[in-house]
Structure formats: structure tokens, C-alpha cells
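Below you will find the structure I want to go over with you.
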């Protein structure tokens, strides 16, 4: 009897994120006009796509107990690279994409180098990339905003089977990442390294490479996310991508990814987190809440979500306390 | 222009080696044996005062290119820029020792700045403020509730400190009692309180602060500027607190191993909470200084300052993983950062390069710290 | 740094047919030699028991063998061929399996994943893991050591013993020719220990050579064909186990003849009850525990790993909460879930695991010792510390307990040997002059000399009128030290023995009720 | 030991420093103007900064530029630093009007001519050469024209505004201008305006605009607080078939502020009804004229207030006035 109770209770706790997500969605659905429509759902997804992709990369870094503050600057840098290729050199947009991803990879690799080879703590290493990286970008553009030709912006309007391209890209990234983490040796070792670095070393895993790889992934995701958003907005001001590192981290943590490493998933975790934040913001706008109050409510809800998650973990720990009497049973 | 930037940049980027050499290179080598020099270099590298040396060295290297650096006025400005940052950085230090982090100090400063100003402001323009939620209740044409009161300013400052500490307390409880990740908690409260700070005056800066308030940022008692008194006072206080008291010892213990600390009867949760309260308190205090020198309450005060606050600490070797950190270190870190900002400002760098240089310097310093810890580990 | 390479010729000749040989191996750190001209021979299909005090060089020797460290002098032969591993990988490749003292498992992964973390089976040429095959093979390996747990189970849900066995199964899976066990039984229940011994014997008959390192000399005597004793990095003696009964091993290890393992009993219980526990219960963990500890009494709490004894202690001390029951200190009730009050009322708790729960590893010895009693050295309101007094007090305690260190003020605890670390933990509690002392496995993994000291300290404390609740899974300890022995099994008190009626097998039987066989 | 070293070093440094030559004093005969501006994150500021820097350079001044990236305290410190570099004049684009006063007082103390560009000092405590445009008024002008267009429709319209970063006085001023008109014609609106936060971030703007349009498909009167958001607006409206030239039935009455290149093109092509323009180049001329005058006349604390009334470039007045809009000039490369 009691056992069943606890099992139910536990199941409930395990899925707080999802439950909260549904609650938020329904509440706004009831409050705001035409919110629970398919169209709106698509809008929300497509708007989640760019930050969502970045969040996927961030999740990798968080899984090994790291942090990447440089994604915002990487977004800008790769956007600059794209513009150089597409606008200045007037090459094909596909080369633009390549350049974009290449830059993302390069700076991700730099982070990896600083963290694994030089042994600088991730927080500082990526902080530096964040500061210097943007400076570098501005040096190139002289902070003039970049406008992108239709060849790029049209990509945003492409639809396959009625679904927007950026949503598909997002889905693809999430899918790949999820499979990678759950089904490949590298993915599992990533969790291992995040769980116990020393043990991972002893087990002869190439820890440095594993950790390094996450920053590269994060860099590439940042670049790709940047590109998706360029295609949507067609114009990149000097402030492009600023603070998106915080949005990404917030989304990941809301999705149940631990900042201490080893815990969390891309699907459903990070995905839910991202979309949830988006839903809240969209809901506030749809409801036309006083623009000064919106961020306050936003903050409050996120805080509540994190609090809930914390309480749940405390509860789970209690339930998880080793049970001697059932040990043999 | 950019040619001038060059020497500055590598000058600090590869500080360590340049460090130990130049440190001694500047006196006649005749009466120093080589071995002695090496030893001195090593001592310097491993010494507590390393970052301080680095600052001196940095000045020395830049001196020739930047005579204005040593202009008395400039030195005075530089020093005056140290105190507020020092105060808030010290607050951060407490939290870092517990292996936490407080991202919300910036919006804490903004909110307290607004609130303090609202209380003492002597007059405000209805055109600007009639829309804001405080209008009629706290704010009128004749300023805030404490306007012109004899003890108005002290009370206002006190309120700021209380509210600042309160914000810290909220963070602390969330982290210590509910075991929420510090980064996330303070990130959210950063968003939240910044929003509140902007909401209260509906984005307007609050001017016409009474002289008694402004003095706190600009005035001086005898020859000594008040901010200096505050800064040094806080520094000494914090130093004693950390090195000489029960709280200090327990703080380090908690930062090193919370489980062992709890079992050893240390009220872990309370200690951690107190650390955040201190962080909030210091933020509010710094907010007083900043608001006073800017002569206004700003809902966007210190928006971009987080990097300096944490950077100053980390550069000086305060560990993000807890248990390690001293006030002297923070002080050196702050000096270094202010110096850096000042020189980057004086150098006529094209402003795009400033961030790059700044980044590289932090990078260099961080890398140096790694080298030092390794060297230390070796010699142990 | 200069390394004290000693160029002595190997004092032992190459023996043919040996599974493994150390020939004059030497190693030193920062000029301090930790291995001097070590020569050992491991015969095929035999068990070599390797014993010695902590810091005698056992682990260093094994790390040299395991490729973690490179020797400064001497050489090694693997089945007669020169063997010079460049890293753990080489050792593994050479068929040398290593069970480390601390586990290398990832708690957030499944048992199967832990087993194959180094080489996952993949679906054909794809990068995808073949989970089915992985599960099957894991099941095989587990069944080999008679462990029935699902390969998909997360390690974090396993008991310490089960984890240890998984670790062993993991190494077994590599089918090594040479097997090194470093303190494998520290976290095993008696049942599991029995299981492990069967495995080892099976391996031996298969021709595998085994090096078995342990502080539990009884186990060594029981298992080993050959015994080698290390002291200060030198092989003091090596030869057939029959010629090395436990007493001989001990005397070789410590260099002097211990008249006995245990100090004479100095304490005698009095009437006054210091600690009284009534009906303490926490669903799934302990049920209706009643016990009392009198002034000057040492109450032994005997239970096997996982019997709930540690949990019980944690609840008494207030680290964990309990649903029903009361804890009385003297005549006052102790509020649940608050260690601070417990300490203020004069209770102390030497925890089972000093690394995570006992010490601030990176902090100095003095600061560690001062930690608990700190408030007594602080001025009332300001909390300002009387540092000179504190320093004096800590130094004195450290000397009392004969903690070996260069500087109590400077030296960090992590640089001490296990035994001395344990003394630091004890010292930190003694400084608070406790009336009730809970000790949980205080002598685990520390060497004979240190054990003796710990016994003496505890006995002395009892003589001065404190009460001691002494938790242990080493029955001999309790038989020697305790005035009463209580037996816990599955979270219940199942037996009580006065000193007069002490007898090993009776206590054991109580502990293993419900038909678990006593390990032989 | 350690400490003695540090003292030694310090002493040595100071001695060395004091005995150093001071080229800065004797050197550059060239007059120096210091120029501190708030940031370069929008076309508008970039153009403004360019205009001033170049005009000054043309007139043979050495220009020292400082970017304070929206940080009031940093700008204060920067100017302090500049004043110690004994420059001959200071021009700032202040982070906000209040700061303009605080800094002005310093400049006055230092007896150095002080110019404030584009943002009105919040009061006259400091003597300064001021060239300002009134965001609120200009916004109102632009929105008023939009309102006129709405009237022609002979029905109520659903108004929406894309608001900038609430920490930025421009954003706030423009929002106020918008509301002034909303209140001016109370019976023109179907309801209270829909506010769309952008935080001056195109992504945020895009997301929130889409959400807003989802919730209120009938928005047909949209004012953006900055022209740089037009591509975003287009990418949202176009798929809904609402990106039409004025006159067509689906047309959303559009207004903006800044007067950048894009805006110019959009008005020309008829998508955009009006945009508020600050007469940027004129402003640049004015401030530089004023500062040069007072420098050459060696006035220490000149005081003069010059208004740029700005104007709304609209479909109606495009022909006559488009060359007064900096965006159009950039567009046509003049």
C-alpha cells in the first residue's frame, strides 16, 4: 500500500518539469486569446528554435560540469563571418553557413583549449572569450549593423510539409543530440566524466578530449543558432546575441540539467525548459500585461520553477534513502 | 594609436615571465647574485602579493607610454574609483568562499539606489514621475517622504542597507535551505530585482538628491575622502571577520566541506545565508557610494559591472570552487582592475580593441594563477 | 628535485616459471625513498598476501605494477619477459587487473554501462551502443560472482557491497592473468565477503595469480599461499603463509612485538545512565531501537555492513531524522535532526568515513582539530577568537594523540597517513570533551599501530567517565573493548551480550540469523 | 620579506615615474577635442558618432574617442580621465540627461568647454553647449501622421508599439511620444495599445511581435521605437500578407523613429507611412561649430542651447524633405 503511494509520489516528482510546463501552457491558454492554437504552437516552437539550439550545446557543457558564457559572442562572431562571405565576398549562402559553423567551431575549440590544456576554470575561460570575442567582432564590423540578402532571409520562409525550416533544424539538432547522448559510447562517457572526473581518469577515459568536445559542440550550436536567428531577422546589430548565454543556461536548468554535471537530458529536458520560457514570455505579451511588470512576473515564475525542482530533489533524496528492510526482498 | 596599444597588450598578457624578470631587472644586477634573482622571482610569483606586484609592474611598463598615468589628478581619480568596487567585490568574496556566486549584486545596487533616492529626493518633476507607481504615495512634487528631514539621509542609507541585506537573505535562504543552485538563484533574482528597480520609477533617474547624501560619494572628512574611509573600513572589517572570528573559520570550513562541517556542529545553512546577506549588504553600501557620486538614483546602476566584480576576485586567486579567498587578494584584484580600466581609458586605443585587451589581460592573469598553483603544488 | 636512485644489485635472481617478479625495485618522491630494493616473486595460480602498515609502500608498489608510477630503480618481469608499463593502459593490456580501494563507478550510469565504459559493444559498424548484447554479457559476468541485480539498475541505487562486487565483476570481465585486490572487503557484508573468497579461490584454481592486500590479517591468513610483509618500503619477510601466522605478521609489520593486539581494559561501567534511546524507528531503516549507555561504559554495536548501524548512529546524533522514538542525554530529551544541540549537550560522533564526513582535507591539522570546539574559544558577542589559546589547545591534543606531522599549524590533513588522519578526527571530538562518544568503524583501513592507539584513546576516555557507543563489524575489537555488545540486523536489535557471556560464535549467529551462513 | 620587496618596487616605480619625461605637455600643438559617446549599437549612434568625429577631424582637431557602452559610471570615469589629459574641449553623447549635468559640473570646474549632443541635460546646473533633439516630440510627430492616415480609414484601428529597452531614456521618451498621440485621439482606437517589448534586441522583438500578432491578428497600427526593427516587422507581417503598401486594404499603418537607410527605402516604396527623424547632420554641424567657436575664443565655460526640432518624414513630404534625413543621404551616398 504505502509502497504504491510512494511510487506514485515519486513518479509525480520525477516529472515536475513536464507537469509545470503543462500547467503554464494551460493557464496562459485560458488567460490569453487564441493562445492554444496550432498556429501559435508553431510560432512558439519557431521562436524557441534559435535559443533552443544554443541550449542544446549548453546542455553538453553543463553535463560535464562546465559552463559556457561565450555563446552570445560566438553568435555574433559567426554572424559576422557569414556576412563577410555573403555580403563582402558575395559567395553563395551555403558557403556562408559553412563559414558560420567554422567560426563557431574555432572559438569552441579555443574554449576547449583554454579549459583542458591550460587548465583555466571554464567560467573564466569562456568569460574571456565572451569579452574579447565580441570586441573582435566589433573590430571587424566597426559596429555597423549587418544586413543580410534575401538569399539568407528566404531560408526562414521555407516550409517542408507545412513546417518551418528552423523548427525542423531545431528538431534535427535535438534529435541528434539526444541519440548521441543516450546511445553512443562518447555520450555515455560524457555523463561518466560529469559524474566523477577522477574515476573517469582512472578508468582510462580521455577526459580532456571528452570535456573539450562539449565546448566545441556548444560553439557550433551557438553558431547554428545564430544563423537560424539571422535568417529570421535578416539584420545583425552590434548587440546581437548579448545575454543569450544566460537565456540558454536558464532554459537548460529549468529543463532539469544540473549545474554540477552528470544530470540532465536534451530531450525532453532542455527542450521543455526552452519552450517553457518561451511560452511564458509569449503568454505575457498575448495577455498584454503591463510591459514593466512582464519581466517581474517572468522572474517570479522561473524562480518558482527552480524552487520546485530543488524541493523535488530534496524529496527524492528522502525517498531514495537506502531501505535496509527491503534490501533482501 | 593602435601601435601604442601593442606594448600594453603583451605587456600584461605574458605578465609572469616579464613579471619576475622586470621585477628585478630594474635595479643594478651587480650586487644581486643570479640565484638570488631567481629565488626572488619565484618568491614573487608564489607570494600573496603577486597581483599587487603585477599591478606595479604594469604601471612601470606603461609609464613611458602614458605619462598622464602618473598625473596627480589621474592618480586621485583612479584611487577614487577603487572604493565602491572594492566594497562590492568584498561582498562577492564571502559568497565565493562558500563555493557559491552572486550574480544579483548588480541589480541589488540598482534597486537600493532607486529606493534610497526615492526616500531623500528633494523635488521631482510630475511630468516625469506622475506615471510611476510610487507617485502620490512615496513621491510628490516635494520629493520623497524623508525629504528635508534632519535624519533623512542616515535613515535612507540605513533602509538601503537593510533592503540590500534582505535581497541577500532571500538568495541565501534559497541556496542554503532549499539547496537551489547559487548560479541559477542569483541569476533569476538578478533579472527580477532589476525589473523591479526599473518598474518603481518607470525608468526615470531620480535627481535632486540632498547635499548631505551627495557628500557621501564626494565629500571628505578633513583630508580623507569619505568613500576611502568606507572602503578601507569595510576591507579591514571584512578581513578581521574572516581571519579572526568564529564566523570566518566556519565560513572557510563550510566552503571546503559542507558535510563534514554540518556533522561538526556548524550551522552550515545559517553560515551560507549570512555570506549572501553580507554580499547584499556590501552591494547596497557600494550603491550608496555610486549613487552619491553620480548624484542620482539610477534604475540601471551597475548593469554591466558583474564582470569587474567577479573578475577582480578571480584574478586575485579567489577560487570559484570555494574555501579559498582573502580580503587582501580581493583588494589587489580590484586595484589591478581599476588600473587596467584607467589605463585602457587613457591609452587612445580604438575603442573596439579595449574589450579585446581587457579579455586578454584577464586571460593572462587567470593562466598565471594556474601556473602559480602548479608551482606551489610542486614546492609543497 | 633529486631522486634518491639507489643502484644496489637486485638481491634476488630471476626465477623461471614465475608469473610476475619485482627485481630490486626502488622509488622515491622528492628525495624521500618509499620503496627500497623491493624484490618479490608471484607464483602462477597462487595468492600472495601483501601486508604492511599504512605508508609501508604497498600502494606505491602496486601503482608501479599497475603502470601508474614508474620505478626509479630495478626492473619487473612478467612471465619472465621484461615488463615496463607506460601507463595503466599497458598494465591492463598485459593482463593485470586492479581492484582499487576506492571504487571507480559512475553512480549516474547503469551497472552494464559501468562494466563496459571503456569499450562499449556497438551495433555492427555503427557508433550506436548494442544495449542488448551489453546487458547479456553483463548478466553473465554478474552471475559469475553470484550477484543478482539487473544490468540496467543505476549504480546509485546499489548498496556499497553490491558496488564493490560490480567493480570486481568489471575487472573479472577483462579476464586478467594477474589480479590485484587492494582492501576489497572494507565495504562488504560478511555474506558478500564469503562470496568474494569463493571467487578468489576459483580464480586460483584456474591458474590466475592474485595479490591480496588487506589490514584484516585474518582474511590474509585464510586466503594466502604466500605472505610478504612490507615495512618502510622494504620487504621484511616473505614466504609460505603457514610460516606466517597472524601474530608473526603483526610483529613484522610494526617491527616490535605487540604483547597483544589490544590494550588492557581500563574502564568499568557505573550506574548513571548517560544515553537512553527508546523505540527509535524510521520506516525502512530501523525499528523500535531501545538502548542505554552508562557512565564509563563502552557499548559495542555489532552489525554487518548494511544492517542499519551507521544509520542508527546518524539518527541518534541528529544528522538524519527519525519518525518515532526518543533520545535522552542525561535527563534531557534531545531534539531530532540537530547535530549542533547534540554537540552542545556533550555528544560526539566519529564518522565511518573520514574523507567525506570527518575532515577538511585541504585544511591544516590544527584547524581541523579546532573545528568542533571552536565556539568555546570565541568571545561572546563579537565572536572574536582567542587564537593563542586555540592554538595551544589543538597542539596539545595533537601531541596527546601522537599525531605524526611536521607542523600542526601548516600541514594539510590530506598529506597524512590514514591512521594519523583518523587520529585527527578523534582529536577534534576529544577537544570538545564529550560525555557520550559515538564511534563508527574507527579503525577501518588504518594500520595496526594506529589501531592500538585508537583503542587506547577510547579506553582512556571511558575510564574518565564518558560513555562510548562503539560501532564495528570487526568482532574481535568489540570482544576486547566493550562491556556489552548489542547486535543489529536489518535495522533491529537482535541480541545483547554482557561481557561475561562474550563468545564469538554466539554473537555471530545472532548477527546472521535467518539462515545466512557464517563466513568461514 | 615579501612586503619589503613590494615596498621597494613601489618606491622604485614612483621615482622612475616622476622622473619620466612628459611629452604630452609640450607635444601636440594640435588642439584636442575629447569625444565620449554612449555606444555604437544602432545605426543612429554610428552615424552620429561618424558625423561628429569627421567634422572635427576636418577642422584639424585631434579627436580622442571614448565609448562607455551605456555605463554611466564608466562614462563619468572616462571624462574625468579625459579632463586630466588637458584636452581643449569635451563633447559627449551622455548615457542620459542626468549624467550630462553631473559630468558638466566637472568640466566647468576644470574650465574646459563642454558640449552635450542629442540628449538634453536634465537641468541647467552645468554650463554647456547643448544640441538636442526631443525624442518625445519627434515620436509624437511621426505617430500623429500615422493617426491622420488612420482617420482616413474612417474606422477604429488597433494600435501597437514596439518598446525599446526600458533602461534607455530614448526608448522611454519615444514611448511617451506615442502615448501622447494615443491620448490625443481617444476615440480612434479599438482598445488600449498592445505593448511589445524588444529590449532593443531584434530576436526578442521578433518573438514578441509574433506572439502579439498571434493574439491580436487585427493589429493595423504599428509604431516601432527604432527603425532598425523594420526587417523583423517585415519578416513577421509578410507571411501573414500584411506587408502591403499603404492604400492597399491589408496595409498596416507603420511608423518608426531614427530615419535610417531602411526607413528611407521603405517610405520611398510606400510600405512605411512615417518615421521620426533627428536632423543628425545639422546637429553635428551645430555642436562642432559651437565648440570650435568657444575654443578659438578661449571661452572656458560657454553656454548655449540649440534645438533640433527634427521632423517626421512621411509619404506626404518625402519628395521635399527626404534629403534632410540622414538615412536617405546614406542611401544615396551623399
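Order of writing sets the labels: A, B, C and D. Residues in every chain begin at 1.
As a convention for this text, a residue touches a chain if its C-beta (ideal position, glycine included) is under 8 Å from a C-beta of that chain, and two chains touch if they have at least 3 such contacts.
Note that the structure is predicted; figures quoted are calculated from it, not measured.
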{"item": "Other chains in touch with both subunit B and subunit C", "value": "A"}
{"item": "Which of A-C and B-D has more C-beta pairs touching across its chains", "value": "B-D"}
{"item": "Chain whose average C-alpha position is farthest from subunit C's own", "value": "D"}
{"item": "For subunit A paired with subunit C, centre-to-centre distance based on mean C-alpha positions, whole Å", "value": "43"}
{"item": "Distance between the centres, which are taken as Cα means, of subunit B and subunit A, whole angstrom", "value": "30"}
{"item": "Residues of subunit B whose C-beta touches two or more other chains", "value": "198, 202, 350, 354"}
{"item": "Two or more partner chains touched - positions in subunit D", "value": "166"}
{"item": "All touching chain pairs, where touch follows the definition stated at the start", "value": "A-B, A-C, A-D, B-C, B-D"}
{"item": "In the complex with subunit D, residue positions of subunit A that touch it", "value": "32-35, 37, 39-40, 43-44, 46-47, 50-51, 138, 142-145, 147, 153, 156-157, 229, 232-240, 242, 244, 278, 281-283, 285-288, 290-292, 294-295"}
{"item": "Contact set on subunit C toward subunit A in their complex", "value": "88-89, 92, 100, 103-109, 113, 117-118, 120, 122, 127-129, 156-157, 159, 283-287, 306-308, 311, 320, 490-491"}
{"item": "Footprint of subunit C on subunit A - complex, ascending", "value": "2, 179, 183-186, 188-189, 191-192, 194-196, 199-200, 202-205, 262-263, 320-328"}
{"item": "Touch list for subunit D against partner subunit A, complex", "value": "39-43, 46, 163, 166, 192, 194-197, 200-203, 205-208, 210-212, 214-217, 228, 231-232, 234-235, 238-239, 262"}
{"item": "Contact footprint of subunit B on subunit A as seen in their complex", "value": "67, 114, 118-121, 123-125, 127-136, 138-139, 142-143, 246, 249-250, 253, 258-260, 292-296, 298-300, 302-303, 306-307, 309-311, 313-314"}
